[in-house]
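Pasting the structures in now, so scroll down.
Shared between the two complexes below is subunit A, which pairs with subunit B and subunit C, respectively.
So, the complex of A and B:
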C-alpha cells in the first residue's frame, strides 16, 4: 500500500481506503447537520435523508435561540481564546527571546523549568488553582480562564519560539544595536516580524484546545454570564436531552465556528504539524 | 556597582518576568500545592496534617479503593485501545497519503483531520445519538448490510461501554498520529527509497524495512502524547456518560474520578483533600509514563541521521 509507486491497481486501492476513512470521519458530522434542519417526525422516519421541502424545519434552531444565550457564550469563548492567545504569544515570545538571545547564568535551567509544563498537564493542579481563584476573587470571571490557558500554553510556545529565534541572524540584531536601538526595539521591530510564521503556528496549536476545553470552564467559570460556548452547549444539551430538534441544532451551532476557523487556518495548522515544530 | 561584578541586565528580567510569573503562579505552585493538600484533611472545620492517610484510604479502604483501582484499570484499557487502534490506523493513513503521486492528498488530509478539531461535547453527543437505539441510525445501517443482529446499545452496557467510548475517542484523534507520521515519512530522503528499489525492496517491504525503522522516533512521541492525553482525559466521558461515568462506573477513568471526588455529585460531598490525593496519583502515573519514555524508550530508539 504505502509505496504504490506505479501500479494503477494499487493507486485505486489507496483511494478506496482513503475515501472509506474520509466517510467514517465525516459521517457523524454530516448526519447531525442534515437532521438539524428537519422536522421531528422526519428525523426519526428517514434519519439519513437530506431535508426536502416537506421535512425542512427550523424549529430546533428557534428553540436554541429562545432558550440558550448562545450569542453570549460565543462572545465569552471568543474573548477567552483571543486574550489567551495574545498573552501566550506576547509572553512566550519575550521569554523565548531572552533564552535564545542572551547568555546569562541559569539560562539552561530556566529553559528546562519552563519546558516542564510541556509534558505535565495543568489539570493536575486543579484543586489548588480553584482555591487560588476563590481567594483572589477571580472565580466566575473570564480572567480565571485566560490565566489558566496562558499558563498552559506558555511552555510549548517558549520551546517552539526559541527554536525559531535562534535562526534569526545575529548580524541583523547587531546592526540594530550599532544604530542605537534598545533591546526592546530589537525584539519588537526586528525579531518579532521575522518569526511571524512560528507565532502563527503556536497560535493555531493553542486555539483549538482552548476553544474546546470543558474542564476549566466547568470548574472555574460555570456561572451563566461567563459560560463558554463549549460549556454552554453541554449544559443546554443536558437540559433538552429529549428535544431532539434542539439538541441537533445546538450541536450544529457548536460545530460551525470551529469548522469556519479550521477552513481559515487549516493550511497553517497542517504546515505547523508537518513542519516538525513538535519534536 | 564595581566593575568586577556584572551589572544586572534588566532587559533580560523584563523579557522573562511575565512568562515566568504566570507559569509559576498558575501552573507550578498550584501543582505543588495540590500535592501538599493531599497530605492534609479537614477535621471539625480545621485543616490538619495527616501524612499519607489519604493515600492509605485511596489505595486500601474498600469504600474508595474499589473506585480508584477500577478507574485506573479502565484508564489502562482506554490507553491500550488507543495504542492498538488509533496509532496503527494513523500510521496506515499517513503511509497511503505520503505516496508522492497520490491525487487529492491535501483534501483527504484536511477531511480526516476534521473530527480532531471538534470539541468532546460535540463528539460525545453526536455518537450518543448515532448509537442510540431510539434513533436507529446504527441499527438501520447494520440492517442494510444484513448484520442487524450485531446491534446492541453499546454505550448502555457495562461490558461494551468503555471500549465503545475509547473507539469514539480514537475516531476523534486519529488525525494527530496521521499528521505527525506523515511529516516523518515526508522527511525521508528520496535517495534512500531509490537505493532500496535498486536492491529490489519496493512496496510493502519498503515500508516495513526502510520507512518504519526511520519513523520509530515519531511513533515514540505519539505514544507518549497518547499516554499523557489518555491519563488526563475527562471531557468525552463526562459529555457522553455524565460525571457518574455509567453504566455503574464501567467507564470511570481517573479524570472523572477526580472530578467526582473533588466536586462531589448527588449525595456525596466534594472533598478537596481526597481530590488532591487522586490528582497526585494521576501525577505519579503520568510521571512514571514520561520517565519510562524518556529513559527507557527514547534513549534506545536508534536514530538515523538523514
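So, the complex of A and C:
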C-alpha cells in the first residue's frame, strides 16, 4: 500500500470530511427525531435541545396512534413500495436482458425510447394519467400507484441494468444454451444472480422517492382506505394550525421501514457501487 | 461417416460478410484445428457449427443429420470456452451434471458419467468445490469434464488454452491430445496459436478473412503451403520473404524457412547481424540484408555470432518457395 494512504494526516483529513458530511446529512433527521419526543412549547422554545424530564412528551405519538388509521397507512405504503420495486426489477431486468442480449431490428431505437423516460418527468403526464385511471376504474386503488411508480422507475432500471448485463460473459450464456437451458432459465439462474448488486442499486434508488411521494397518492388515491403514510401525515398540517408533535412523530415512524429495507439492500448496494472500481 | 459437413456456409452480420462459402468435411474421430489471425472468422465458424449463430446461408450436418436450424442443445455437441464459462453457483459436480439433467438422464447415469470424467481428468478431489475455489487449470478441466459427460458426437474447443500460463498451457495441450486418443471422438479446435495447431491437429484448416486458405495435415501445410499467407502463418520463427536471388517474374518473392538458411561465406544473400536470440538449444540470428530486408536464420545449438558482424547466407534450392506478387505459390519458380 502506498505510504500516502497510511499517513495519519491524510487519514484524518479524509475522516474529517466524511464525518462532516455525515453530520450535515443526519442533522435534519436528528432534529425531527428529538423534537418528536418533546412537548409543543419545548419544540418552539429550544428546537435543538434534547428532550429532558421537563420537556419530554409522547403527545405526538399518541395523536398519531389515535387519529386516523396509521397502521393501515403504513401497510399501504409498504405494499405500494414493495410491489412497485418488484415490478420495476422484474420488468426492468427482463427488458435490459432483451436489449443487451438479442440482436433485433430497432434494438437501439427501443433502448433510446426507454431511456427517454429518464429525461421526461412522469408528473408532466399527471392529467392524462388521472383520466386513464378514471377510465379504467383504478382511481383510489393501490394498483393505480403501483402502475405509475413502475412506469416511473423502469427507464432508469433498464438503463442501469442493461449496462451491467452487457458485462455478463457471453460464454456463460452460451454454455447454458448448449446445455439446453431455456432463455428464461439462463436469465433467472445465470444472469440475475450475477447482476444482483445492480438490482440492489436500482431498488434503493427507486425505493426512497416512492416511499416519500406525496403527489400521486394525493391525486390518484386520496381515499381513506388507500392513503399512504406521507399522505396520511398531511392531516396534521393545516393552513393555519399545524400539529407539529404529530407531524414529527409520523415522520420519525416513517423513517423506520425505509431504514430496514435499506439495510437489507445495502450490502448488495455497496458491492454494486464499487464493482468495476474494485476488481 | 462424416462427423461434420459444412456446405457453402455463409454468415453476415448486417452488411458485413464474415464467412464466405465455407465447405468442409470432418471425418469421425478426426482432430481438426481452425487457425488464423484474429478477425479471420474462425470463432464465428465454430459458433455457427455449435448453433449459437445461425448461418446466413448454406447447410450444416453433424453426424449425418442436418442441423442448420437445430438449437445448440439438440445438435449432439459439447463446447469448451476460452473463459471456462462454468456456472458460478454450482460446484464442479453440478456443472457437469446440469446438461445431463436437462436431457432428462437418470441419476445413476449422471453419477456414472461424472465419475468417469473425473477419473479421466483427475478431478475427484475437486468435485464439491465451486468454480471460485478452483485454479485456472482446474476450472478448465471441469469445463472439459462438462463436455465429456455429454458424450457428444462432436467436441468444440474455442481457444481453451488462451487464459492459462505458458507451462500449464503445454501440460493441458498434452492432456487434450491424450483425451482425443482415449475418447477417439471428433474434435474441432479453434486457436490463433500456430504451435497449438501444429501439435494437436490431424488436419489444420487455415482461415483468413472468412475464407479457407488451405486444408491439410500439419506437415503438408508446412512443407507445401498453397500461398504466402499459409507459409508465413505456420512455423516459428516465421518464414523469411526475400527478393529472389535468381531470375524470377516481376514482383515475385522468395520464401525460405529460417532453419533452411545457413551461414555460407560466398552465399547469395549478404548483410549484417542485427540481433542474436540465444535460446540454449537454438540460436536465432536476425540479419539486415544488403537489399534492405530482414531475414532470420535458425541454427541448432549455440553459436558465437556477434551483433554488427557481416554475414553471408545460402540455402538449398529444393527448400525455397516462390510466390507471385499476389502471394500465390509459383510451382516452377
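Following the convention adopted for this analysis, the second predicted complex is superposed on the first by the 202 of 279 C-alpha atoms of A that agree within 3 Å, B and C clash if a C-alpha of one lies under 4 Å from a C-alpha of the other, contacts with A are read in each partner's own complex, and residues count from 1 in each chain.
Note that a residue touches a chain if its C-beta (ideal position, glycine included) is under 8 Å from a C-beta of that chain, and two chains touch if they have at least 3 such contacts.
Because the structure is predicted, anything quoted here is derived from the model rather than measured.
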item: Partner chain(s) touched by A:122 [first = subunit B, second = subunit C, both, neither]; value: first
item: More subunit A residues in contact - subunit B or subunit C; value: B
item: First, second, both or neither for A:171, with subunit B first and subunit C second; value: second
item: First (subunit B), second (subunit C), both or neither touched by A:189; value: second
item: Partner chain(s) touched by A:179 [first = subunit B, second = subunit C, both, neither]; value: second
item: First, second, both or neither for A:160, with subunit B first and subunit C second; value: neither
item: Subunit C contact footprint on subunit A (complex, rising order); value: 169, 171-172, 174-181, 189-190, 193-194
item: Complex interface listing, subunit A residues touching subunit B; value: 1-5, 10-11, 14-15, 17-19, 21-22, 24-26, 28-29, 31-32, 43-44, 47-48, 87, 90-92, 94-95, 97-99, 102, 104, 110, 114, 116-117, 119-129, 131-132, 147-148, 150-152, 154-155, 158, 182-184, 187, 208, 211-215, 218-219, 230, 233-234, 237, 244, 247-248, 251, 254-255, 258-259, 261-262, 266, 269-270, 273-276, 278-279
item: Contact footprint of subunit A on subunit B as seen in their complex; value: 9, 11-12, 14-16, 18-20, 22-23, 25-31, 33-34, 37, 89, 92-93, 95-99, 101-102, 104, 106, 108-123, 125-127, 129-130, 135-137, 140, 171, 174, 176, 179-180, 182-183, 186-187, 193, 197, 202-204, 206-207, 211, 221, 224, 228, 232, 234-235, 238-239, 255, 258, 262-263, 272, 275-276, 279-280, 282-283, 286-287, 290
item: Residue ranges of subunit C touching subunit A (in the complex, touch as defined); value: 47, 50-52, 71-74, 77-79, 81-89, 98-99, 102-103, 146, 150, 158
